[in-house]
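Chains: A, B, C and D, in written order; residue numbering restarts at 1 for each.
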Amino acid sequence: MRSRILKDHLKEECGVFGIMSAEARVSTLTYYGLFALQHRGQESAGIAVSDGREIFLHKAMGLVGEVFDDATLKRLGGEIACGHVRYSTSGDSNVINAQPLVFKTRYGTIALCHNGNLANSIFLRNDLKEHGAIFQTTVDTEVIAAMLARGNGEDLVTTIREVSRELKGAYALIIMTSDKLIGIRDPYGIRPLCIGKIGDDFMLSSESCAFETVGGTLIRDVYPGEIVEIDRSGITSHLPYGKREERLCIFEFIYFGRPDSIMKDQSLYMSRKTAGKILFREFPASADFVCSVPDSGTPSAIGFSEASGIPFLEGLVKNRYVGRTFIKPSQNQREIGVSLKLNVLEEVVRGRSIVLVDDSIVRGTTVKRLISRLRVAGAKEIHLRISAPPVVWPCYFGIDTPSREELLGARYSTDEIGKLVDADSIGYLSLEGLVEATGRSGFCTGCLSGEYPVDVDEINGKLALEGRAMR
Amino acid sequence: MRSRILKDHLKEECGVFGIMSAEARVSTLTYYGLFALQHRGQESAGIAVSDGREIFLHKAMGLVGEVFDDATLKRLGGEIACGHVRYSTSGDSNVINAQPLVFKTRYGTIALCHNGNLANSIFLRNDLKEHGAIFQTTVDTEVIAAMLARGNGEDLVTTIREVSRELKGAYALIIMTSDKLIGIRDPYGIRPLCIGKIGDDFMLSSESCAFETVGGTLIRDVYPGEIVEIDRSGITSHLPYGKREERLCIFEFIYFGRPDSIMKDQSLYMSRKTAGKILFREFPASADFVCSVPDSGTPSAIGFSEASGIPFLEGLVKNRYVGRTFIKPSQNQREIGVSLKLNVLEEVVRGRSIVLVDDSIVRGTTVKRLISRLRVAGAKEIHLRISAPPVVWPCYFGIDTPSREELLGARYSTDEIGKLVDADSIGYLSLEGLVEATGRSGFCTGCLSGEYPVDVDEINGKLALEGRAMR
Amino acid sequence: MRSRILKDHLKEECGVFGIMSAEARVSTLTYYGLFALQHRGQESAGIAVSDGREIFLHKAMGLVGEVFDDATLKRLGGEIACGHVRYSTSGDSNVINAQPLVFKTRYGTIALCHNGNLANSIFLRNDLKEHGAIFQTTVDTEVIAAMLARGNGEDLVTTIREVSRELKGAYALIIMTSDKLIGIRDPYGIRPLCIGKIGDDFMLSSESCAFETVGGTLIRDVYPGEIVEIDRSGITSHLPYGKREERLCIFEFIYFGRPDSIMKDQSLYMSRKTAGKILFREFPASADFVCSVPDSGTPSAIGFSEASGIPFLEGLVKNRYVGRTFIKPSQNQREIGVSLKLNVLEEVVRGRSIVLVDDSIVRGTTVKRLISRLRVAGAKEIHLRISAPPVVWPCYFGIDTPSREELLGARYSTDEIGKLVDADSIGYLSLEGLVEATGRSGFCTGCLSGEYPVDVDEINGKLALEGRAMR
Amino acid sequence: MRSRILKDHLKEECGVFGIMSAEARVSTLTYYGLFALQHRGQESAGIAVSDGREIFLHKAMGLVGEVFDDATLKRLGGEIACGHVRYSTSGDSNVINAQPLVFKTRYGTIALCHNGNLANSIFLRNDLKEHGAIFQTTVDTEVIAAMLARGNGEDLVTTIREVSRELKGAYALIIMTSDKLIGIRDPYGIRPLCIGKIGDDFMLSSESCAFETVGGTLIRDVYPGEIVEIDRSGITSHLPYGKREERLCIFEFIYFGRPDSIMKDQSLYMSRKTAGKILFREFPASADFVCSVPDSGTPSAIGFSEASGIPFLEGLVKNRYVGRTFIKPSQNQREIGVSLKLNVLEEVVRGRSIVLVDDSIVRGTTVKRLISRLRVAGAKEIHLRISAPPVVWPCYFGIDTPSREELLGARYSTDEIGKLVDADSIGYLSLEGLVEATGRSGFCTGCLSGEYPVDVDEINGKLALEGRAMR
């Protein structure tokens, strides 16, 4: 069986990018923009382009670098483009679900890129079916498309305002018509979306790192509930809900976002490094060196090292050239699984006491094997420090959380987890510490705290009705 | 045009792996072994397996994870296996040149895996043609195959002894017959090859990291000029040249080898970290922090940090999910090239003075652009430190060195290079410092010192005759 | 440029097949059924299967034998299946337009296979858009799907009855739900659809040859306007319009249908052979032999030979192994185009007078080059006989007729055509003769006579409104 | 399991084509030439081109139309080209065995295309191995290449003369160097090869139909043992063995050659038609009509009809659009196998007595099922007539004959065969009748008569030694 090579992490759902420019080759810039957002989804990639009259589309399964070649990009000529990279849970990993979704409506042809998850999608889908809609895919994006198409607004933006009232959950959308690029963020701002500029031209992106990659700059985040309309006359902001408090998914700060991205005017890298510092304050340790689970644990490990004065060393090295998939080792070759990606540096580790820093634990399988390997290599003590609180609750907004049976944090106390993974000591950053590290407020911390921006009982009730309980 | 995503490095040629085992599924272990050697070659991969009578082969262009699937590995049943990953220079990147090379001779069917480069291959090729040989590929491997096939020895090992006298240059070979696995290293030991064990079974590999990946352990390096014969009765060593001084390519320590590999009983990681310490001793600097060009520059940067007391921070982050290829940015999008792979952390860098550590400079294009981007991000001072001496001379033993016009170190003094790349100061680790860092002696340092293990004038003369001067 | 290898023929649009059986492996029988219908469409193929709860789908571009393999068929387990082969006009040859179309509605999940063309599809599509539908493809099938989904009927069959009243044009549909297989033919029966049996199980197919191929037998044609419902309780017929006169596309008899199919209880082969006999009666000729343009002209040529007593000989031979596509010869290699597919048998032809029989002339390019080649080979006289009347009018029901500028029959008199293609004499079978040959009545002969089963002015008017005039 | 769609025929091995022309795009003409030879091999295709200095090659598994596209042909620029289509027996159907074989020797780079089979290839291969040759493929072509490379001749043509003395068996070769095209036919002329012209330029081909397809003309067959040298100065003939009697494989006349090809100045079509006439003379029958097993049985059926006065009708129709492969019906679907390709025209057949003409019977499985289906369709009497004698002996010259256990003609008398396949009467054309039909003499009739052009005992002895008895 083939298996993706992944750390023990929650999985992001998607990345979106859009640009309008009379001068630039918009498909090329979108290509590089998606390249920078590749960490948000590696299963499919797509770009749609409008030349002012028609919309052209290319999408396929695979990485951005695999899906597109020169000839394809050249065919996608135009002055507006939007693109999408997708992560999908198993079963629906099919090109029919790849995005952008391009469809014809009475508002003309529309391309739709969606990052997020509707909490009420089954309700909406059934309601739409009752009113005669057909669904050819299994993605929420098609639900949004169907709602837009039957909106009553005189123009598309009016319709978007109306439709957004009915969408419960997390969504960051880029909508492209033949002459317009529209960015929309849900009223809680759960999923990120930001506005950038290159020369005089505007861009939209899930993360600011894409702007820098193409040579542009970040202007600001799209506000919660904001509708941003970009056309030849420039950029217009609509705030149908007025100014609202943001509830950005805190996992963007913990892990999802690229460290070089800026959200809430804050560097994700600096926030993660600060988390390491606070982690030391909350759970100090003395050891010969601080070691990270590369690459994502490194910023916090460096912060921990800085705060504690314990030197930072690499005790684990990554295989730099692994592709996306490999043949899963059989049961009696289980050890191979982790060592394909990470190997222990015995010379660094032998006889030493270690602070091992990672950014999260979901199922705990990876960290358990790493600690076992570190011990085999002669590590004296292993003090595990996690730069975020345990994941205890499900996510209703598009993040693929495992069932509670698999969620280590939901079943065991911190001490029990420490014993389970065979650490000499263990410490999880507190939620307060995490928020302090971000230097900001206004997050959805549902999976850590059980406090969601929307009424969970209502959602749970509805989900039960729909026969889809918490996974 | 499609372009591979590569740092400004010399390029390794190949990795080889072999195993004999009655119990293990040898093709599966070879698969994971090649996975661990993927950094030595990403263009093609292949595995040949013997079931005691016949040899089966599968090879194709692509990464190990792309070339093989479950069904293919299952078809490759047997008790001996050898595999190969290949890096190739452009023009010959063709499946016909992929390895193992399987061919029928009077010694039976043979599979041959080769890492290295023959200095006298054109001479040998012509000589063989004069005696009636045909060549279907452009790789040296086929020359070695043709020589083995026309050897006079009673058995293959005797023939190998004879043939090895005529091969000038660098080679690490794994040869598989229907019932035997043979490892050979050139008399100078320029390319690495080592012996490992898993249970009672023996393995051969370019690097020891492959042994650990499959759950085995390193026994020792193959000696220079040694012929190691593995069959059902165990392992036999032949030393036709007696004990010889090793002249291992020093770039295995600088960059080629994986940091978790052991060569000459020395950890490559520790050697690289020590190089960073000595680099500080030779070219001290004061700055706000030490920053590496990830990932390969990091061990030396940490060593530099440790020796200097200047904290180690990440100022550059890598895009974790780039695939192997991408569409090359056009001329006026040149900046995109570097930023697709590395991005500057402005918050870390702004207003700070930096020691930037990398492990080598070949053409200088990457480091120049990185420094320019660091300055744009607000870096105050940039002190460039390279943990190896400049590459000044060509390699005659299989490493793809650029022409002298492109070799920065061959055309400019260190100070000039510092100015060219716009560093505030620059320092290259001395050759003595580098050797000290390895804690060992017995290297080929030809590309750094111009001193080669074989008579260069002779090689140069011959190459001139062959119309193939130094590239 | 790549080009399909096609005779100078009108192009069929699609073939459909369906089966319900508790015992048989329905996907396999559908596979072989589509194999038999391959002549109706070579661009894409697809099969959907219901296991009583869920519907599984596989479709892709290519021939049936290319699109499916063992593993895919095995995955498609169930007790009801429907399949589709598609011919498409250029521009929309895209997998998104491949069928079956599977979509979710309030009636559950539905698979839809469609052969035909709606005359009022643009009107319906716009109307549906006005009411909020979205369209992701460019095929009429999606229009029908959208109409079914918003029908008011209590059950699907009631809805189908209602919807069928709004569909103007030609359609033969197979609709599959989780527990039912439904066949529908338009009220004029323009496109064919028939009912077959294998053991106790029922099948639906565009042509009866598919029943024989899978080992079953033809029961009867579906009646014009009939809705045939197949489920576990057996087969039910609905005739919402009562008994109606059929207006089957006469090109099914001339060329589209496979010669071994039965339509209107008549063998297409015998009808074509009889056409050749009547052709002799109407346009006698004396010559040394009768020659056909293989393969489709052969039955009529044999009929002509039988009636005239002139022996039938092969003067042209086909290249038996041509694939579907080839690189189009450049302008100065134009002669190659025809000779890749057909070659003249000089020894048969030299010095002889020939009756050359083909089943239709559309653009005339092929027959002109064949006659030229026959003359070069030494043919003395060439009497061209066409076993159908000239195509003069457009088809509004799904056949891809060229523009009037390209339609030879629309621009020139028979004599002029004879001169244009350089025939010594020419004769087209009369429409009366053609109908006599079929031994039946009740055809749409629109493209030959200009008499359509529906009001053309109305269609033309609507088309003009829609900006889509006669092509 | 996938299965090729084939009649019950002996299998041809290969087709070759070559051209030298300063003006024409030689790769394009070779492409079309191979297209015309596609019937001689459908497994792989390849073209090599010389631009006067270098040789470029493209080859792959698949039909000519699949292996090449515009871009590939354009890359293959030059003034000499040779190409190959291959049929292979199972097991070796691998791209490594595709041709042309391009290899470097002391005579420079050579491209080699081979049609035929060496009777002494195992002997030669072993001898070459003893002298130090290596073999990377399993095809005889590599043996010939190795022999050419070690020849003693001053130039290649001298060496070819020498080497051809050692090659026992059947071969038609096209050899291309950087500036020359050479055609060679074995001393018995067992496999065909002929010379053509287009403008002032010369071509070589297995069959003349390829010359006509590209717009050229046949000059003459290459003589047995002749070496034809084509270069810028024109064409030169070498006859190292003097004039020799030809022993062309008679199956080229029976089935292999395309009917529109000319061999021995005789039309294969006319020869086959005459065979049908003689067949009637030898085995008359009275029936309602003569029916062929299409397509290859048709010329003889027409001849039979002409001689007997019994009308020729089509009782079996072919599926025109079958691809090369399909999923093999399972055991209990065995009937489907034949009906996928051929269907009975019940209306033609019912109540009639039939003369069924085919060109050969090898295993008898197809004809047995056809007769069974004809009877089910109501045929009254079926008189089977085969326009060639039974295949009784093995072929040593490259034709893939089944084992004697499978060869119907080797195990049963004609009467027994008639009963086995359930024919009312049966007649095989006599060998004398077959030769008379060709109007020529000088054939290898080994598989029909057991009389081979070379000493069979010698071959058999050698084969026994080599452990490769008659298959």
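Just so we're on the same page, contacts are C-beta pairs under 8 Å (C-beta built on N, C-alpha and C of every residue); 3 or more make two chains touch, one makes a residue touch a chain.
No experiment lies behind these values; they were computed from the predicted model shown.
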item	value
Reaching chain C from chain A through chains that touch each other, fewest steps	1
Most distant chain from chain A, judged by the mean position of its C-alpha atoms	D
Between chain D and chain C, distance of the C-alpha-averaged centres to the nearest whole Å	36
Chain centre separation in whole Å, for chain C relative to chain B (CA means)	61
Junction residues of chain C - those touching two or more other chains	none
All touching chain pairs, where touch follows the definition stated at the start	A-B, A-C, B-D, C-D
Chain D-facing residues of chain B, complex	101-106, 125-126, 129-136, 145-146, 148-151
In the complex with chain A, residue positions of chain B that touch it	1-2, 28, 31-32, 35-36, 38-39, 42, 63-66, 68-70, 73, 209, 212-215, 258-260, 267, 269-270, 295, 298-299, 302, 305-306, 311-314, 317-327, 329-330, 333, 335-336, 339-340, 343-348
